[in-house]
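Before I ask anything, here is the structure I am working with.
First chain written, first letter: the chains are A, B, C and D, and each begins at residue 1.
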Amino acid sequence: MRRYFFKKVVTYLVTFFVATTIDWGIPHLMPGNPVEIYLGRFNISSNAQYLALQKTISQAFGVNVPLWKQYLDFWSGVLHWNFGISFYATAPVTHIIAQAVPYTLALLIPAIVLSYVLGNRIGAMAARRKVLDNVVLPIGYLFQAAPFAWLALALSYFLAVRLRWFPPSLGSNPGIGAGWNWAFIWSAIRHWFLPFLSVFLVSFGGWAIGMRNLVIYELETDYARYLRSLGASQRLVRRYAYRNAVLPQLSGLALALGVVVGGNIVTEVVFQYPGLGHLIFLAITNEDFFLLQGIFLFIIIGVLLANFVIDIAYVLIDPRTRLSMTGATA
Amino acid sequence: MSVNTEPTGPEAQAVAGNAGAAQVPVPPGEAGVMRPVPGGGSVSSVMQSRRRWEFMYFAVRNKKLMLGLVVEAVFVFIAIFGSAIAPYASSKTFTPPGLHPSLNHLFGTTYPFGQDVFSQWLGGVRDSYLVGALGAVSAGVIGLAVGFAAGWRGGWLDELLQLLTNVVVCLPQLVLMIVISAYQTNRSTLFEGVFIGVTGWPWVARAVRAQTFTLKARDFVDMARMSGRRATSIVLKDIAPNMASYIFLVFVLLFASSMLVAVNFDFLGLGPTGTMSIGDMMNLANQWSALQLHVWWWFLPPGAAMTLMVVALLITNVGLDEVFNPKLRQQ
Amino acid sequence: MVIRKTKSVARLGAALTAAALAAPLLGAVGSSAASASRIPSTTNYPRSETLYTSGTAYSQPTNFNPNDPGALYTGTMGLLYEPLFLYDPIHGGYKPWLATSGKWQGNTYVMQIRNGVSWVASPTQNVVGTLTGNDVAFSIKLAMTNPTDPWNSNVASVASVSASGQTVTVTFKGTPAYTEWQDYLWHAPVLPAAQWGALSSTDQISGANMTPVSTGPMTLDSTSSTQACFQTNPHWWGAQLGLSFHFKYLCDVVNGSNNVELANLTTGQLDWSNNFLPGISVLVNGLGGNSAYGIKTYYPKAPYMLSANTAWLEMNTTKAPMNNVNFRRAVAAAINPQSIVSGVYTNIVKAANPTGLLPNLDKYINKNVVKKYGFSYNPGLAKKYLKASGYKGQKLTLEVPNGWTDWEAAIQNISNQLNAVGIHVTPTYPQYSVRESDLINGTYDMAIDNNAGPDSTPWSYFQRVYNLPILAKQGATLNWERYTDPKAWALVQEAGRTPLSNGAKLDSIYSQLETQFLQALPQIPLWYNGAWFQAQSTVWAGYPSALNKNDQYTPVMWGGWLGNMTTVYALAQIQRA
Amino acid sequence: MSVKIDNLQIYYSTLRGEVKAVDGVSFSIGDGEIMGLAGESGCGKSTLGNGLIFLEGRMRHAGGKVTLDGKELPIGNPKAMEQHRLRSVSIIPQYAMSALNPTRKIGRMTSDLLKSRGVDYKSVLEEFRRRIALVGLPADVLDRYPFELSGGMRQRATMVISTLLNPSLLIGDEVTSALDVSTQRAVGEMLMEFRDRGYVKSTIVITHDLSILAQIADTILIMYAGKLAEKADAQTIVSNPLHPYTQQLLASLPEVGLRYDEAPLVGIPGRPPSLLDPPKGCRFRDRCPVAFEQCAAEPPFVELHPGHEVACWKAIQDAQSFDEERATQGAAR
């Protein structure tokens, strides 16, 4: 167990290191240097001024030192939770990210958890009820296959623009300041619903279909056949099938995270939902690579942590993994 | 008898589970496909031809497979002959802009550009297929190679390749795409497809690795090895054919997921330059307020086409799965 | 312009200097976080008393320093801080604002500063002082002495400033730079000497200034990540001109994308939008039988919008064949701007005058010169010019930034037209920064650009065209076409040192420049981008409009407009619907 | 006779139609008898074995009767059949090594299974432990997961679980196929031990491996293409087979201890007929070296010698001529 844990930690640390190094490269790999990109957005009335600016800004960005030093500075920044300054928003990157994170989490966590739980339940139910299966299967496929952007556009058009049941965009009404008051909370919930629904539906389709297929497979496995041969109740067989089918779904969850995060970016862009995804979009269109760097680092850490937790949880849930840790006994 | 040759835990399990992974529709339950085919061990030519016949027999009778293939065939037709049947050049403008769908403009025209949506749509379908095929081939080749190598060699190579796989899983594709797109001022569809493949192979590698592990442990491979054959020859001649059906399913799913990833890229403006893909159409429609202006014919058809293409691929996949795996055949 | 980025906003303001940029980067962590806490961030404003505006800010409010045009939030200039004069581009001329009068007396300029103007603190609205000539003198001296002040170059020819009561006397060395001084008068903020003098020299230029002390019609009330809200200042001096605001609050919302702004506007969540909203011409006239959107624009018909800046086809004149005047003439004659105006912009923009000077500078345009040398769409003529140029069929590229979809559409259109006369042009869409670097370094063939913003004289326009010398890196937004014409540049410099009162001489200089421009075509003006303005009339009415003489004010809150042109007049006209 | 099977027909439905996998089979097994059931792949032996306990979705009980301990076994009725499973009929499946839920400890799984059958786990726990020890498994097996055991250990555990409630009939489906020779013998001996201790009354051992049957089976039944070919006591089948198919089956074994594979027999040219639409007459006719005109009619399964039943015209003819000969000789004498 300890060896396994150690190996996992090392793997994740190496992954983190590589991913972070690539992340560091974002502003540095860009053609031109960040200073020129930055200066490019302002109206400078004399060339002498431009040269003077270049010097000052290079200092501000810390790009006037050798590359290896920049790299070390970056790591020191990461460890101090300081990702530099967004030149698009003229504020610390961590500050901007902190504002966006609650929105993204409010979208992602319920969407992932609910779609996972409901998808698994309904998928398992569909696996044994022909009528339900005939409904769940096509709908599940449609949701699973729909591009995030399209589902978001379609929901926005029909439910927001046409029927006006929900607001079509933003995280809350422009006039209502964020805070713990009912006006804001109600407005935030109304704005939250459609983006949530988009992410939820696509993920839900995937989980339901996956679970349906897995349960069907599990019901066809040898142990299920054996139990049936010995007259075990349907309930027991299904319980076993469900339990075993959930295991691969759980590791699928780890793989799905990256995809959901990607889809979430698109969804937030469609709904202009003020989360990290939208921020990424703003950072891309404004070429604010320091902001981009910070957000990606944040996402990388999030995805890695989630993967790590799932890995560990998996070990606790699936006895088979524990075997490979302790080594063979037979 | 050792029982530990099969990899267990998340890596092995991920293969099937991933079905849930929204939008990267990894083999819905290839758990079954992964299972060694009965009798796969010593296939005489007679049996093989019989199985081939059997495959065709079940294939043409599988409703899901046939439905999926028919829909797919329609879109493939569009993809191939789209430019021939396109009524207008996709950049040609008509006044006034924003025409409703009609016989002249099946999907109306855009607003404010006044371009024929149907003609753009035809080209978008073609580009999507191109990206899907390129992505599937490149991800498939890399995933198979890495998975085979890791599963067959094991040891330090396995550890190293697993680490590589892990890193690629955790790196958002978007990050790389953004960095690269800043360099590649003119990005082609070819580039996008290959890029998606090069960053999208990890689950294939994981699945193939697990599969290779189980196959490696089986008698016929042992026998081949004892007879002194080279590893590559065993992998290619004994293991690969046994995984053929599985590999085929993987390609179908890679195809679908590559197209979906491309839509995301294109929608964010990171797609190929100078083309009009499905994602570009939705991006433009969104940016040019097609929702608020009720120009629904601009953004609904492209996404619907993509959804249909992917659904058809998924259904094809399930159908094939049922054909390959007798246990799943409908009774 | 769909995702118009911060650029166009920043451009409209005056020049920026080094520290103004560097300091927010160096000091933003401390200043914004520390001082922001004093402005509340959670307040709900009654809809019926609040005017919601949008279209200027592209990122959240973190700075209210009027000396920091690159970082300040909408309203800093105009609602909080005010200049000495305003410029009225619609009717021409300057309006006295914090100064009641100003006169040249030989080498000196003497101003009378308005009486009864209070310095009011945000958000408490306490009166903390009274405006005197000292404050004005302090502001001018700050610009003179601090090389990082954004108006440093405008006051380069000032020798000294003195104040006595409400009278301020500015003495110049040698020939005053009349035009640049005039620009100072209606651009630069008047700062509170007492408070501003206590700041460090860095904070004077780029401190976040989250609790401003100001003279303007409103005070800062709250900020959040999506908006800044202002409260009407009861101590404002506007009554002296019969001006007062009828709304109690004004919230300026950070820009979303067009479709968001359009949705907010049509659903009445937004009253005043300065966003580029494609399709607005459709909504104004009603859509799908729904004519009740209640959306107003400055003109009720095309072009709907006032003109704000000139979009050019920029050519690298150091490269063949663009260095050949006949080739440039061929390009100019081959393009039909009208097809872009209608096909891309649905007539919410206007085709440009051949000189490229904005309509507010119409009086400077010599119609005879335009008639004689001006170009127009004429493919036949284009082919003739092309032949004369000896064009060898070189393949050329035409660049616009990736994602600027209106420009992307425009250059597809232009490329088709150029190819039709035999000029081989391929549209390309590099990232914004790549294109920027191409323009600065002269590594491009052709590009679309719009860096010529509104001004009260043609001076800055021609400065952009003819500025010399040309460096390897043209870092400033000047002469990106790299065109060398020392005679023209001398004329531009002469114009800058000619008193604005000497109309005859200015007319003659500008006529010469226009002639030069149209004959050599260093740039090809294509269309005027609009001063995008659309308003929702469900909650508020009395918006700026060309229809009513009392409503003919600038309808734009962009930097360089809100506090510098007549937008405050427009706001004072707004009443409950 | 604890088990009596009477003209049993079990059909397999496929998309191409019904496969008559077991087509009118009659035999019986005595108390304490271990009967081997052998034949080529696809001859219906597995269908027959499995059909006696669990008809899967595609299998259909098309006719005939199964009587166990004097009562009819409702094999066509899954609901009614349920209560007989494990208690009166049980199976050690072909996949015994993977028959246990991988994510449940063996004790826990057995407890779950018994509970769902209404049996108190605690009351059989002691016996369970004893039998675990009997088959040579360590006592802590109940607290282990299946994957913590070797394949052989899992199989033994499965054998114990399947026979825990002392069924009258045990079906061992290919129980020895995947094992090496020494383990095969051990498993065979275990089956005999189970019989001897009265854990099971009658046992059907389905296998490819005639050599193992020779060691453990009392009688051997040979099936071909859904029909019975030959039945006799083990020694007779090995030493004096009458059916040409049995003879070839034995001849194709290169040496004792090696089993024939799933592939068609090398020694016998041709393939078994399709059971979708089986030919009239003797089904082995096409591959039979001694076939003659009479084989166009279906041969009856008759007892030619005491306890030795065969379905072959040639064998019948031979027996008749032998009898005639004997009669002639007798007459001559």
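The working rule: a contact is a pair of C-beta atoms (placed from the backbone, for glycine too) under 8 Å apart; a residue touches a chain by one contact, two chains touch by 3 or more.
Note that the coordinates shown come from a computational prediction; the quantities given were computed from them, not determined experimentally.
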Open item on the list: Based on mean C-alpha positions, which chain is nearest the centroid of every protein C-alpha shown?
Closed with: A
TODO: Could you tell me which two chains share the largest number of C-beta contact pairs?
DONE: A-B
Open item on the list: From the mean C-alpha coordinate of subunit A to that of subunit D, what's the distance rounded to whole Å?
Closed with: 56
Task: Interchain centroid distance [CA atoms averaged], subunit A/subunit C, Å - done: 40
Task: Computed distance of Cα centres, subunit D from subunit C, in Å - done: 93
TODO: Calculate how many whole Å lie between the centre of subunit B and the centre of subunit C, each centre taken as the average of the chain's C-alpha atoms.
DONE: 50
TODO: Among the residues of subunit A, pick out those that touch two or more other chains and give their numbers.
DONE: 30-31, 160-161, 168, 247, 285, 287, 318, 320, 323, 330
Task: Contacts with two or more other chains, residues of subunit B listed in rising order - done: 1-3, 8, 182, 269, 286, 291-292, 294
TODO: For subunit C, jot down the residues that touch at least 2 other chains.
DONE: 3, 257, 259, 263, 403, 431, 433-434
Task: Residue numbers on subunit A that touch subunit B, as the complex places them - done: 11-12, 14-15, 18-19, 22-23, 25-26, 29-31, 115-116, 119-120, 141-142, 144-151, 153-154, 156-157, 160-161, 168, 202-203, 205-207, 209-214, 216-218, 220, 247-256, 258-263, 265-266, 269-270, 280-281, 284-285, 287, 292, 296, 299-300, 303-304, 307, 310-311, 314-315, 318, 320-321, 323-324, 327-328, 330
Task: Residue ranges of subunit C in contact with subunit B within the complex - done: 2-3, 257-259, 262-263, 266, 277-279, 282-283, 287-288, 342-346, 402-403, 405, 409, 412, 416, 427-431, 433-434
Task: Residues of subunit A defined as touching subunit C within the complex - done: 30-32, 36-47, 49-57, 59-61, 85-92, 95-96, 99, 160-161, 164, 167-171, 173-179, 181, 183-184, 272, 274, 285-287
Task: Partner subunit A, residues of subunit B touching it in the complex - done: 1-4, 7-11, 13-26, 28-29, 31-32, 162-163, 166-167, 169-176, 178-179, 182-183, 202-203, 256, 260-261, 263-264, 267-270, 278-279, 282-283, 285-286, 291-292, 294, 296, 299-300, 302-304, 306-311, 313-315, 318, 327-328
Task: subunit A residues touching subunit D - in the complex, by the definition given at the top - done: 221-223, 225-233, 235-236, 240, 243-244, 247, 318-320, 323, 329-330
